[in-house]
Amino acid sequence: MGIYQASNNMLPVAENTQTKDLLAKFNSVRNQSEYLTRNLKTEDFVVQPVVDVSPPKWHLAHTTWFFEEFVLGPNLPGYTVFHKDYNFLFNSYYESVGERVQRPNRGFMTRPTVEEIKKYRSYVNEHMNEFLESGNDISNDLAYTIQLGLQHEQQHQELLLYDVKYILNQYPLFPKFTEKSVDSSVYKEANFLEVEEGNYEVGNKDQGFCFDNELGAHKVYLHKYEIMDRLVTNGEYLEFINAGGYKEFKYWFMEAWAWVNETDQKHPMHWYFLNGEWYYFSLSGGLVPLDLNAPVTHVSYYEADAYARWKGLRLPTEFEWEVAAKIYEPKVPVSANFVESENYTPRSPGDESYQFFGDVWEWTSSNYSAYPGFQTAEGAIGEYNGKFMVNQMVLKGGSCATPRDHIRHTYRNFFHPYLKWFFNGIRLAKHV
Amino acid sequence: MGIYQASNNMLPVAENTQTKDLLAKFNSVRNQSEYLTRNLKTEDFVVQPVVDVSPPKWHLAHTTWFFEEFVLGPNLPGYTVFHKDYNFLFNSYYESVGERVQRPNRGFMTRPTVEEIKKYRSYVNEHMNEFLESGNDISNDLAYTIQLGLQHEQQHQELLLYDVKYILNQYPLFPKFTEKSVDSSVYKEANFLEVEEGNYEVGNKDQGFCFDNELGAHKVYLHKYEIMDRLVTNGEYLEFINAGGYKEFKYWFMEAWAWVNETDQKHPMHWYFLNGEWYYFSLSGGLVPLDLNAPVTHVSYYEADAYARWKGLRLPTEFEWEVAAKIYEPKVPVSANFVESENYTPRSPGDESYQFFGDVWEWTSSNYSAYPGFQTAEGAIGEYNGKFMVNQMVLKGGSCATPRDHIRHTYRNFFHPYLKWFFNGIRLAKHV
Amino acid sequence: MGIYQASNNMLPVAENTQTKDLLAKFNSVRNQSEYLTRNLKTEDFVVQPVVDVSPPKWHLAHTTWFFEEFVLGPNLPGYTVFHKDYNFLFNSYYESVGERVQRPNRGFMTRPTVEEIKKYRSYVNEHMNEFLESGNDISNDLAYTIQLGLQHEQQHQELLLYDVKYILNQYPLFPKFTEKSVDSSVYKEANFLEVEEGNYEVGNKDQGFCFDNELGAHKVYLHKYEIMDRLVTNGEYLEFINAGGYKEFKYWFMEAWAWVNETDQKHPMHWYFLNGEWYYFSLSGGLVPLDLNAPVTHVSYYEADAYARWKGLRLPTEFEWEVAAKIYEPKVPVSANFVESENYTPRSPGDESYQFFGDVWEWTSSNYSAYPGFQTAEGAIGEYNGKFMVNQMVLKGGSCATPRDHIRHTYRNFFHPYLKWFFNGIRLAKHV
Amino acid sequence: MGIYQASNNMLPVAENTQTKDLLAKFNSVRNQSEYLTRNLKTEDFVVQPVVDVSPPKWHLAHTTWFFEEFVLGPNLPGYTVFHKDYNFLFNSYYESVGERVQRPNRGFMTRPTVEEIKKYRSYVNEHMNEFLESGNDISNDLAYTIQLGLQHEQQHQELLLYDVKYILNQYPLFPKFTEKSVDSSVYKEANFLEVEEGNYEVGNKDQGFCFDNELGAHKVYLHKYEIMDRLVTNGEYLEFINAGGYKEFKYWFMEAWAWVNETDQKHPMHWYFLNGEWYYFSLSGGLVPLDLNAPVTHVSYYEADAYARWKGLRLPTEFEWEVAAKIYEPKVPVSANFVESENYTPRSPGDESYQFFGDVWEWTSSNYSAYPGFQTAEGAIGEYNGKFMVNQMVLKGGSCATPRDHIRHTYRNFFHPYLKWFFNGIRLAKHV
């Protein structure tokens, strides 16, 4: 997941330039970051068990740095930075800055402490409030930048939850992040939704906020296809495991097969087979019995593809997903399972939902690449647009860790095909 | 480059089932493999300096195994294999066969000797001649299988040339593979060819032979674009180097930047900067001064993309390439530079050529993936279809190592984005 | 440094079996562990930046586990362990226990928290006090085991200081561990001390505590040699650097040369060259100017040997060191710089001292191996004796992180030749 | 095994400075190198399957380079080198010469061909004959250098046999190097030979040739010990395997245990368990049933030590070995199994032999280090003395690949503890 896909010179006017509304959203998003870490111990904020997992305290500081660097510094007269070295420490692209931090190893820096970072957040929050309460008009560009900082923080909130799950699971005693009673799970029969052949428009033309990788709304020609009306479940995926799916070369891409064998893959991440029963580690209950009706999650693209092949089906392309979702779930359903439900765990679908939104990011067979006319923006914020458009796959629809107001049909998430630690899952499709 | 993309149950009827014609082609293709190795020393046939480079003697044996395994064994009554263990040794997918060859390390097996492998080739050639001269009718399926074996051998001929170049270049004294005088090189001004917006058909519907990854001819919607009328030259690429292109983070994908730094990339493969001048290692002359007007080659996808970004342009998609080539070069030009010219080196374009064909495989920005309705064939030949459809990029148009009768507009080659050792190059495109 | 060199069946009677004395020492040693961490933040206790560095909280828990496992469990009637899983978590050899902790990754386990571990320490301390205050006689064996637990904890105190230095130095702002004013440093002329040829006895025959690797006192024949009367200084080592020592193959072992180049070695660990001046990171002042008269430290065996070779001299063997120290410094000098001085930094020698003791562990040219008649003890405590007797070098004399009552002439410390993070240094010798 | 341990300024006068004798020895040694490769195919000369194994053609060229570089060039007036670049290609320490060969990858250079290298050998042989036949007196120093070149070539002959065995064994069909009928093997009861406590002299004081690492004859004090009167057999080692020795942590050094598990060690190199029976790959018969009475070979130091520990015994030190061999086998027995027997395989002991010489190099528990007064010689030949004196173990006694006239009691061979591909083995000792 890249985090700087936005640029200010070619994006739609930000949805709301009213400073009052911006201020309300600012405080709400910023508070949510701290709320999500309410149950962590100081020690949990520090470590980086694998390179993809950042220490929670780093997320809290880095998202704060954004507002200092791009909003307060250039725009609030007389603003003094909280600490002169934090730009250097919490800029995520500071690799080139100097010898001492050439390989950041975020997880080995025990300082600044969590307490100090919380002071940093308060300091920046206060100045942002001062700035937005000042009654001055702000430009559309600046409003967009602030919006971008908030969307950016929401992305990090989601990453933070993946990372917390990974970190807590390092401890063999399976600590509980929350203890949330989850509704009992129900089985739903799967059916296929049909989409007719023709030209369709994809990409974003709305007035609201979007990232620049969604821009360049354009036409695509789709041949007729069908797409499943819910996500693949743990129970269905278990059939694949039990059928020896991980041991059969024929279901796997050549490089996936090497990955399976070299990293000894046998099941989704966070699953455990103990005393003859399957369990998984969940943010809402620690180690719990596997819920067979809930959507499978923590599978790599390789596994998603192998599963589809074993079923004689395939994954949808990102455009097939987007077009089907626009037709069958034109509005994000109220029942969808987002971060606000505080499950932090995918759950079985309600009767009326196709699960296009929430629960898990859905792997598509589309490589993450530029839409026609995609352009790199000038300047620091836009500097890293498109930096990730190789060897990553597009995922759609948001997850149980996504804020509800963060998702839309055109949103393009992306990860390397071998990654499993985030909330992802599988929806099947077929050619007709 | 995968080598088993074909299947017999869904492909067009092979172009010629006349056994006489097949026999002529068989002998011609088989002789060519040996002709290409005419100047090698026995020692050159043995080594595997990197995992992507196979020993030449392995290519000679493996292509022979195909005919024994899929044609003679099942179809020639009373046929006895040349050596009972060669199926095991020269099957390229024998990784799972047993402990002793779990990691093939082809380049460490000094036996069978080159002489023995040549006997193996003769033995199989004789039986293939016997079989095809017998006057019996052969089925379309079998004719297709034989054609496939020959296409497969042509693919390996091309790989063999890449590998020979890499192997000879291991020796610091730059041995000459051939000494071919090449016409002096001329500069050609670059222009852009325009293609209008609309629905286009891509993929293969012809009667002739094709691989299954070209099937599933289908419609795509293309927005208006322009594409360069020749390849990027060494001189142009040198400007990128001299402008510090390899030292500027902003031109590179995030993962490309890591690759540049970790593997210390500074220029195309086989280039040398000696005493203030640029040279490259060529199969047609050993170490020679860099030809500024010839197409740049031996660049990775990362480099091709970075170069395009530096120019403010981009690479075409595979469909943009295919549609433009069908419009502007509907027939493969007589002047195109294929293996038959025996240069084994890309050269500057003739006046009338757009260089869509020959010289170098052209990187596209398309991930190698399945066309709508792509299906995996049953059985051993088709077993590995689609095994490579992740993390590889499509290349189009053939190279100076490709046999002329092997290429077509719909041909899809594919390699990982970090690979440089084959004959590849750059054509630029832009959105209008 | 191995930590279980002791066994109870072949060692001298422990120096003091009076439970009262044992109790006093127990409380003193245990308190010291906590005292050493008095200035750490909670975050500092958690991380493991390289495999050799353990998280401080792990040291605190692991040393506690020893008393629970080997003293309280078997000897205090009715004792209940503090937590049933701590044996599994804090046993340093639990690699084989089960899948979940096969590769411990101590630095990724954020739980139990520091606070919880302090409770664990208090719980065990209380029960140890109860046990030792009970007025019961305890056997010599048990007294030895308790002594061993305390020696073990002292070894971990020393490791803890190395690790804290390494951890704090991860943070680019160089936090100060303490702020201790150090006496100004003076230069002392180096001379050589002579030892005559002959048979000498080495190894431990005293009544006091020792580890089993010191036992097997035996004779060795030494040829005449001379040994320096102080340690090599930072200033002297800097001459080696400035003379290009790190760039000259001829001073280095073949494998050391590979190490220098592959890991880009240029100076001792924790040194920095900033704006034309040398600094080092010290536990007593953060980043401070290099003290030219203080002993060089944080050099690998490879560097110590290369330095000696550059000087045309050599390192002493462990026996040459031991014999010379017994002759010239038969008692550990009062002025020696141990952990009690709270510098945590080597310093220039006082007039009367040869620096055999304290400051830095001195690399010898002796491979760590068994003395004649060395035997592996039965049972859990002795299980790991001799496990480290390959590819490690013996070091002698203790360091500024060693407790004064922990060292003796026969003490054998040992580390791999490439390790630099502990307090080590160089004394030169020569053949006459 | 280092190959430049010699220096000319501190070694005993070479045993024979008569040019006639030198010439005879020169021709005999040089012919032997070619004789040893008589059964190889051209392809066998080229590859380097692991870094420790050099291509046979490299051995043939490198040993020739020695005479060109150190004898003919400086001493034969008007001598012209065979090829101006061979100094650069066949100098084993040319790593630092330049970018193109910084990591030599000897096994990827297919040129010069075997034929060309044989011409190189002939050319140098002819000039050496011319030089030595000229009737001129040669200095002791030069005679020593020529002797050194021949000893060097004998060391490479031995390495060549290890390497040929490793290379041929890469081919799954187990090619036969020779077909030599070996006498049937007999079991010999093992006993222990006793050596009394006292001062002994070790190291070389003889008049004949020796390497400088043997010089510095000196006294050592040995405590009483016993040493086995033959080598450990395959049958005995198999008991260790069958008793689960490779699965028991307690027999292994800590780092050996990591090695066993990470590299999946289960038995000596070149052993195979097929259809319920043990076989090994031998240079004298290809794949043959394991000879239970022959000495075990191709074990690492880690395995030798673990075996000894399992037996409740230990390995001897290098001095214990040397003193016992001088007492019990003061002359190298006629029956000893050296390269001249053309078995190239260790065999069961004859009645009268203690097997101190021939069959296998015997692991000792001594780290390879300098004798008192060891000095590095000036100049190119001596440049690399002592370069290997860290992390390697001393081995004694020669092997079935050693020329008979190459070995002596004081000879010190040395290898890293993890290496198995050479002919090594185990003799046990114990403290009394």
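Letters A, B, C and D mark the chains as written, and numbering starts fresh at 1 in each.
By our rule, contacts are C-beta pairs under 8 Å (C-beta built on N, C-alpha and C of every residue); 3 or more make two chains touch, one makes a residue touch a chain.
What you are looking at is a predicted structure, and each value in this text was computed from that prediction instead of being measured.
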Could you figure out which pair among A-B, C-D or B-D mirrors the A-C interface, over half of its contact pairs being identical by residue number?
B-D
On a C-alpha centroid basis, what's the spacing between chain B and chain D, in Å?
46
Cα centroid separation, chain B vs chain C, in Å, comes to 60
From the C-alpha centre of chain A to that of chain B, how far is it in Å?
38
What positions in chain B touch 2 or more of the other chains?
none
Category of the chain touch graph - line, ring, star, complete, other
ring
Residues of chain A touching chain C in the complex
41-47, 49, 57, 85, 88-89, 100-101, 105, 107-111, 113-114, 167-168, 170-173, 175
Residues of chain A touching chain B in the complex
2, 96, 199, 218-221, 223, 225, 249-250, 252-256, 301-302, 305, 309, 314, 365-367, 369-370, 372-373, 376, 383-384, 386-391, 417, 431
